[in-house]
Structures are given as structure tokens and as C-alpha cells.
């Protein structure tokens, strides 16, 4: 499994990466308490922050990502506005999708965020499409298709491997193996050894990466981005990191998960703590711990401000129901 | 690529296998001339006879197969009545499906033939289902899913690999790589090295087999059948053999196929001639050449009789249009 | 009669038939950790409740193949919106296999799915979609509106020899109702007159039955008695009960939360306008969801599904109020 | 005006717009070896005609993503029956992306597909299926019946900013017709009165337009003048042309080869029965394919699709013949 002991990331870059992870953590852990007063389904990303942050740090602002039902982390890492996201989760007309989308459909094409997706694996072909646009127009953009270990079994995802190889699309398949698809353990449904081996069967290079280790995530992605921009086509990356919360808020008791002690995960496998300790031990050049503490406080404040803004009274005009079905 | 120099097949078994290939050849080459006077689309199997014959010779009568749009060979090899098939191709009410199905839907569940299929890859999940029935009922039956090199890229097929592995279904995926999907060469769309490698990525054992060599086909299938009956689950077999004719009768000029000289294929890669020469050289125990000649003549006569029977005048009652939509 | 919920009623029908018929197997994602109607069934039937990978095309297709070879699979699609990833297996395989084989086989398959608005899940988890399946010959489509019907219709689905799409309205799961303990089956194609009335026939399905009943109360206060009919099965459709009612009332309103175009509402309205035109004393009226995806925003989602006011308004718009006025003069 | 075929007309619209708009790309299996409307286009546009593996879910989904990021993909689905394997990408992604994103993006995508009976291909290659797509908000659905409309509607599809399903009737491919060489676009939502008449409105699409015209000849001999309307686009539907006609004729027959339930026939019939009830002087009539899959047998397939006799009979059954008799007395 790919881990990384060295990196040429600068202190500024490390700060940005840590900030991204910190905002995601603050956002998701805040939602954990908030979920029962929110409409809709909320799937939290805590624990997997290093994947979104590491992948997106290796991308340019105009590169694309397509996300999943567990999409808040990807959206934040790709630069979506946290307040607009929070408002969307409240179903407000000033939300990032005007309240039409909700948690499972957060999108912001201006940031290259092609959308969360309610269908397992549903975003993967869309990401291939953005890569096709880039290829046709010679823009040099790359596109990342996120999916889970469970979603990776969807026909549309597996077909996308064939398509990406045949057209040599500049796309990166980022498979987040968090150990479960709802209550089904990855070991039961994830046939084959790993996604790198599965990728090889489709003629695509692949790697398995420690998904708690943001440096390793970034390095693997950067290499895949290099390949994509060089016209060498797709790469498959499997990132391993368990989620700290249940599959969906207010849904599961995690009884299917006897070994997973969220508290243990939070101490032993916290991607933020891991980065902190790498900085502390000096293998990664980063800011002082108190600066990281400030980043955490800022992140909490940012999210709290978003919650406050999203809690302002609002009215939704039922007539807007019919807007945006067609362009005209 | 799996080829076979020795076999413990008996002379009687070889005779049966040769007879199957001979009937398929006679049926298909006869259709080549007949197609313009037949309704519908006809996809001929000539050249690939060793696959259907070798696979089905390794099955018991109550084992299952699910077939493709190029399904006549599979149907014949699984024991479907040649006259009833020919009548079906003529759209007659006394056809094997009462004229409701046609070439792309020939089925005979009593022979374990689950049907040709108009959707590329469409039959593969059905075969998994028959395997599931066998598994649940503990009957020891196995099921073979045929698909082409092109169809093997369908999501439903790739998902079936995941499903078959997860449930350890007694199913054999028989991928017939005949070099083309319509006009698209397999090299363009068949990403990865081969289906054995692709299978490995799904944790399923696989092999690539010379599809002109019926002994090799039989041997590889027999081993897969043994595994399936022993509860060891699925196997993927890629059989390589080009079709002698175009993709579909009356459709293509095969201009996409510059290297494929049908006459060369017929002399260098004819599975019937190959078996004859193996018998002649003594590596396979078989009957004398004149007996094989008689089998060929019988096959031609059988098909000719079927054509004659299918050419008898008939009437189709338009009211039967509404029959068989539901059981009641 | 004891009272149980809609989801318990479905679960009970499944359990009772599974005890009786060993060929019934349940297939679905997380089947052994299910929270809905099938919750706990894996404990009683450990070998016949099968967890599936997220491969709907493969496992729905496998269920078709299994059904044609001797099992009676009951497949959980979760949300009907996900039927889209197995659509070929439903539309081209399950629905047509028997016909294409000249009637020599049958496909006794039950596909279960949650449908409808109300759960705030956005556009890809809130659809109705039954019009798509009703359009397709070879499928049967069932949509119970209460626990009693849910049990009886599921019992029928489990002995029916054709592929049945069994639609469970997600907002009815916790609806309580009187349900007999002993097994019983409700035949397909028999509608239920939920509330008799003389002035206008209102056909409603699923959650819209209670919306129609609420409208009936409003209208009763105005002196208008509507007859509320729940078809229960959408394919086959019991047109004779509907026609009989329209012959008496002379008016028709169809209420359904699906989108308006090529819908069940147009289906019923058009059949009546064709076959019972002479009985109609005013325009047919359709009250449906709009021609728009389902929005996430609770306010907008609530505006999406028809409510009692709209139904009452539609009843009046059949010209009935004028009539009523005439009558009362 | 020169005469070209329906398939040439479609190809010409594609070629003309591709010369003008570099963002138009063609995607499909064997696109560079195509035999239909796109035949040869890869020679002029080698970089913009892309061969696809048999992975409809992936490449239709990719086309959606490409459309949302700057291309205008034109995807060849081959037979509409194969849309089933890409149904999620059409129904849940293409149709809903703009709405779910609050209108901040658009999906200018054209999906081409062959539809209809007549080619003796059996149940999985002969369907109509347009009612499924018309039902879905967010999609536009177009079904030209002749070469002139085919070119103009394709030209419009190629500049339209929403996902368009462009349905090409397979039995019309070799139909000749007068088609201007210069580019022109036919706006969506505008029906064409193919034959004016006074006694009954007959709405027909695709191949059924010529069936309706044949019926018109039969009926004219009986002194009955039907007005034949081709909606051309099924979604959006030009109801005002249809309503205007029914206001004059007082009669409606809808002819479509799709299955009867939740169909375009019920859609149009129900809308008229709701919105122009007062104008109707007799029952609406629907002439459709039966509630059965399409059979392979030529005799049965020919019995599947409506013919002129059935249309004429339906026109008479609107009560018109009685009227006509009255008038001629």
C-alpha cells in the first residue's frame, strides 16, 4: 500500500491541505449534531478527509471532479463555498443549488465540481465526459471520478474503465475504500485483491494508497495527474480510510461494524492528527502546532458562521418549483 | 493460450462433438444463402463451432447456457431441434418459439437453453440466475454465460463477475473473442491483455483458449465445470476464433476487416478440419475420415430437410399476437 | 383485528409465504441488515435472504434467470429511482422473456421498490416512475395504499407467475391499519371503492388515496359527495369498477403524484374519455405532480405533490359545482 | 427543391452544423463505420467522430458530462431499445442535472435512436418507448415523420441547450422528400397540419402519419374530411394546434404505434378531454399498438402496428359517421 515518507510540498501547500481537512472535519462533525434538524439524508465524510484534500490539492482550479452521495468533503476540497453548501443542506433558495439539490446533489461547475450523485457510481461517467471535453479541446484539464468501494462494482463504473482506456481519457478513478457499502463489508463485495489489480485487468495502471496519509494521497494523485496531462490516459487509485460515522445520519446503529470503534479510529487513524505528527517529527515541512490550532479554530468558526447564516429565517417560493427544468 | 494435445475423450464423444460442429456449419452456411429470403437479422456462427460444441460437450443435458445475438451454434450444441429452429427463423407458428422470437431469441428451457439475446451481454445475468437456482436447490447444475468480446464490456457482464464471485455461483463465463464487435476490432475495445487477466482482477480464475481447437475448448470447460460443481465458483474462459462471415447477413461488406480473408480462415482456421487432422495424425482417437464425411452429409441432409419443412406454406393467426404476454 | 403497520404487513406476507414455499428467496443490498419490511427475515431464513453487491443490472438479471428456472426471487431495489440501472433487465428481459419464448416459460419475480415524494431526498430518490412500468407489456404493477392491501397484494405477488413490480410508498411505511394474521391474497385487477359517493369519481393511488379522502371531507361540507377509488393494481387496471362509477357520477378526477405526461392520470382519463364518453357530464380532470424533477427543498417538495385543495378544486372544475348548484335549486 | 432521403436529411443537418460548430462531436459504436445518417462523416471530421466500446451507460453518461462542460455530443444509441442499458444516465443524470444544480448549468446533448416496428427484429429491437421519455421532465423528445422535418428538427436539436432525444423511425430512412440545401431549423413545440380537414382531428407521429393519410383517402371517399396533425416534437407538445383543430372538428383520434398504456395516445387524448371537453362531440379514440411485446413473425408484426383501416374505423367510431349522415341528409 502506497504510503509516503517524503514530499516536496511547501509549507504553504501543507497549510492549505491541513486547512481543507480541518474545514471538512468541522463541517461534518457539526452536521453530526445538526442532522436531526435538517431535511434529507446526510452521509458524513469524517475520517476520509485526507482523500478529498490530497486529491484536490493535486488539481488545478479548473480541473474537474465528480462526487458521490458522501460528497461534502469533495466539494469543500474543490473550493465550494461552505456557507452556500450549508444553506443548501437547509433547503434554502440561497443554497449552492438554490435548494433544488440538497446534500446528495451539491454541485458547482464554476469550481469544477460536477456534483454529488444520488446513484452509486453515477458520477463516474460524468467525470469521463469532462475529461472528454478536455481531450477534445486540448485544454490539458484532468478530471477525477470519485466512487466508493461499493459503487466501484456498478456497471457504469466498470464500463467507464473500458471507455477511458479506449479513448485514453485524462481521468483519474479515485476509489474510496472505506471498508463498507452501507452495512456490507468491502471484503464481501470487493472481489479480487484490490482496485489496482482490477485496473490492470482493464489495462489501466493503478495503486493502493493509505487514505489517512494525505501526503501519500497527494503524491499518488500528482503522478496520475502528470500521466493524464501527458496524454497517457487514465489511472485507478484505491484509497483506504474508514469513515468515523455511520453510513448515514439517523439511519444506522453500526451494529454491522463490530470491530470499528469510532473512538479508536479517531485516535489511531485520524488524518489530521497523522499530518500533525508528521510535521512534528519533521518528515513534512509544516507550520507550528499553534498555527494548526488556529486553523482548526478558524475552521470551526467558519462552519459556525455558515450554520448561523443558514439558520436565518427564509421563505421559499413554491412557484420556483418549475424553474430550471429546461433552459427555456 | 490454452491448446490441447491430448484428451481422454472417447471415439463416441469425438463423433458427437464433430457431429455438432458439422450440423452448426451446415446450418449456418445454408443460412448464408437463405438470409435474403428470410425475415429479420441473421448473425452467423461459422468459424466458431468448436466453442459451442466444445463447451456444451462438457455439460450435462440439464445444465444451462445463455446465449447471444449470434446464438444458433449454441442452441444446436445444447440440443435444440434444428427443424424447429429453422422454422423459427422463418417466423412460423410451429417454430421453436412459436415465431414470436426469431433468430435473436431462440430459447428452449427444456434443453437448458435460456435464450439468445438481442442485447449485447444481456444473457449473462440470466445465466447467473440459473446458477443461483442450482446453488439454492443444491442440484449440482452449472450454467454457462456466452458473450462476445464486445459484449464483455457491458456493465451487466462486468457486474456479473462481481456477483458470481460474491455468491460463488456455479457459472462459467464463456467470452467468445472473434476479433470484432461489429466493425470495431477487439484490439481497440478490449482493454487489458485478455479476459483471464480481467477475471483475475475480480478474483476469478480464467484462461485463454484456442477457440478453433475443440479439444482445448472441451478441456478448459470440463475443468471449469468441475470447479463449479465442487462449489469453487465461477471461471472465465476466453475463446479465440474469428467468424467466417460478416457481422450480420446483408449488412456489412467487411471492409473493416482488411486482413481477414474468409477463404484463408476456412483453410487455415477451420475447427472441423483441425479436428479431422488431429484424428488423422492420431493425437485424437476418432472415427475414419469416411465416417466423418458421412456425418457431414447427414448434417447437410438434416439442415436441408429443415429448410424444406420450414418452406411449407403456413398461416399465422394475427390474434395470437396477444398470447403469452402473461401467464393469465 | 390487530393493528400493524404497512411495512409490517408486507413483511408478514413475505414471512408467511416463505414458510410455505421454499423457492421464495430475497435478494438485495444489505438484505441481512434490512430496516424495512424484510427486517429480521434473515434470522428465520438464513439461506434464503441473500446480500447483493451494488450491481443491480446483474442481480435483477440474475433474478430473472432464477425465476425462469425454478426460484421465486423477491428483489429489493430500494428506491424505484434505482430501477434505472437495471432497466434493461426489467424492460427487455423480465417483461419479454415469456413472450419471446412463445409462452413456454414464465418469470415469477417480485421487484420491490420504495416510491414517491415526502422524504426530502431530492430528485434521484423521490420519483414515482410507475407510468414507465405500466407502459411495458409483460409487467404487472402494484401500489398498495394501506396495510391491509399491502399484505394481500404481496401475498398475491408471491404466487403470481408473472413479473410483478411491487411499489411501496415510502411515506406509508409507518401507517397503521387492521390486518388479519392469517394469510389472504387480493387478486390483481380489482379496485377498491374507498369511499362511496354520487357526484364525482376520484381515482387515486398510494399516498394520494388519503389526499383524496381529505378532499372528500372538504367537499362533503359543500354538499358534494365524491366516490374515491383505489385501483390497487395499476397493471392490470380494473377499468370496470372505474367505468361503473363514472356511469353513476358522470365525472372523473384522477389524482397521482407522478409527472403529468404519458402518465397513469392520462391513462385512466383517456380510457374513460374513449370508453365512457357518453357518461361524462363534464371534463375529466387530472391532478398530478408537475413536469419537473422533485426538488430537495421541503417547501418545494410539498408543493410538488398534489394536496386536498387541488383535488377539491379539480372536482369542482369538472363542472360539478354548477350541477350541484342546479340540483340544489 | 432537390429530393433526398430521411437519413440523408439527418446527415446533412449534422454535417452543416459540424462545419459551423466545432463543439459538436458524434459518439457511438462503429461511428466511423456507420451505415445510416452519419455515414462518412468521420472522413470530414476525423477528430470529432468517436468510436465507442459497447458501454452505453459509460458513454451516454460521458456525453452528459461532456455536454455540461462545453461539448455538444450527439450520441448514437442505435436502437431505442438499447436506451435501457443507459437509462440511469438519461433519466437521472441528463434529465435532472440542470434542475438539481439550480439552473447553473445546461446539458446540450442529442441522443439519436432508431425506433418502431417493421424491420422484423423481434421484441428487443422494435419498440417505440417514447412515452417513457416524454414522461420525464428535463428531456425533449422529437420524432420526425419526413425528410424535411428531419433536417430542420435535427438542426434545432443541435443548437438547443437541453437534452434532446431524437427518434428516427427505421422504416422511414429511405423515404424521399424535398429538402432545401441551406440550413434551417424547425422550432420545437410546433405541430404541422399535414392535411387540413373539417370533420375529425387525427394526431399521428412517425410512420403513422402516412397511415393516417392513407386513412384520410379512404374516408374522403366516404365524404369525411379528416385533419391530420403531426406534432413533430412530443415533448414539448404543441397542444394549441391540436386544441385549435379539435375546436373546429369536435372529434379526436390519436394514432401511435407505441403500446397503449400510459402512452402518448392517452396523453393527447386526456389533455383534450380535460382542456377542450366542451368542443368534443364524440368520444376520443386511440389507435395504438397492443399491450404486447413486438413479435418476430412478419404476419404478427404487421398486425401489431396500426393500419389505415383501423384509423378509419376509429374515426367513424368518434360518432362522426352518424353526424356525417345527418349533415348529408
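Every chain is named by a letter (A, B, C and D) in the order it is written, and numbering of its residues begins at 1.
By definition in this document, a residue touches a chain if its C-beta (ideal position, glycine included) is under 8 Å from a C-beta of that chain, and two chains touch if they have at least 3 such contacts.
Predicted model, so just to flag it, every value in this text is computed and none were measured.
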B-D against B-C, pair bridged by the larger set of C-beta contacts: B-C
Chain at maximum distance from chain D, centres defined as averaged CA atoms: A
Geometric centre distance via CA averages, chain D-chain C, whole Å: 29
Inter-chain centre distance, chain A versus chain B - centres from mean C-alpha coordinates, in Å: 45
Averaged-CA centre spacing for the pair chain D and chain B, given as whole angstrom: 37
Geometric centre distance via CA averages, chain C-chain B, whole Å: 41
Per-residue overlap in chain B, given as positions that touch at least 2 other chains: 97, 99-101, 105, 117-119, 122, 153-156, 159, 162, 166, 188-189, 191, 325
Contacts with 2+ other chains: residues of chain D: 51, 53, 55, 57-58, 81, 84-85, 88, 92, 99-100, 122-124, 137-138, 290-293, 295-296
In the complex, chain B residues that touch chain D: 39-41, 88, 91-93, 97, 99-105, 117-122, 150-151, 153-156, 181-184, 188-189, 191, 251, 255-256, 315-316, 318, 320-322, 325
Chain B to chain A touching residues, read off their complex: 153-156, 158-159, 161-162, 165-166, 188-189, 191-193, 197-204
Contact set on chain B toward chain C in their complex: 64, 66, 95-101, 105, 107-110, 114-115, 117-119, 122, 124-130, 132-134, 136-137, 143, 155-156, 159-160, 162-163, 166-167, 323-328
Footprint of chain A on chain C - complex, ascending: 29-30, 33, 35, 51, 53-55, 57-58, 81-82, 84-85, 119-125, 290-293, 295-300, 302-304
Complex interface listing, chain C residues touching chain D: 57, 81, 84-85, 87-88, 91-92, 95-96, 99-100, 122-124, 131-132, 134-138, 235, 237, 258-259, 261-267, 269-275, 277-278, 280, 282-286, 290-293, 295-296
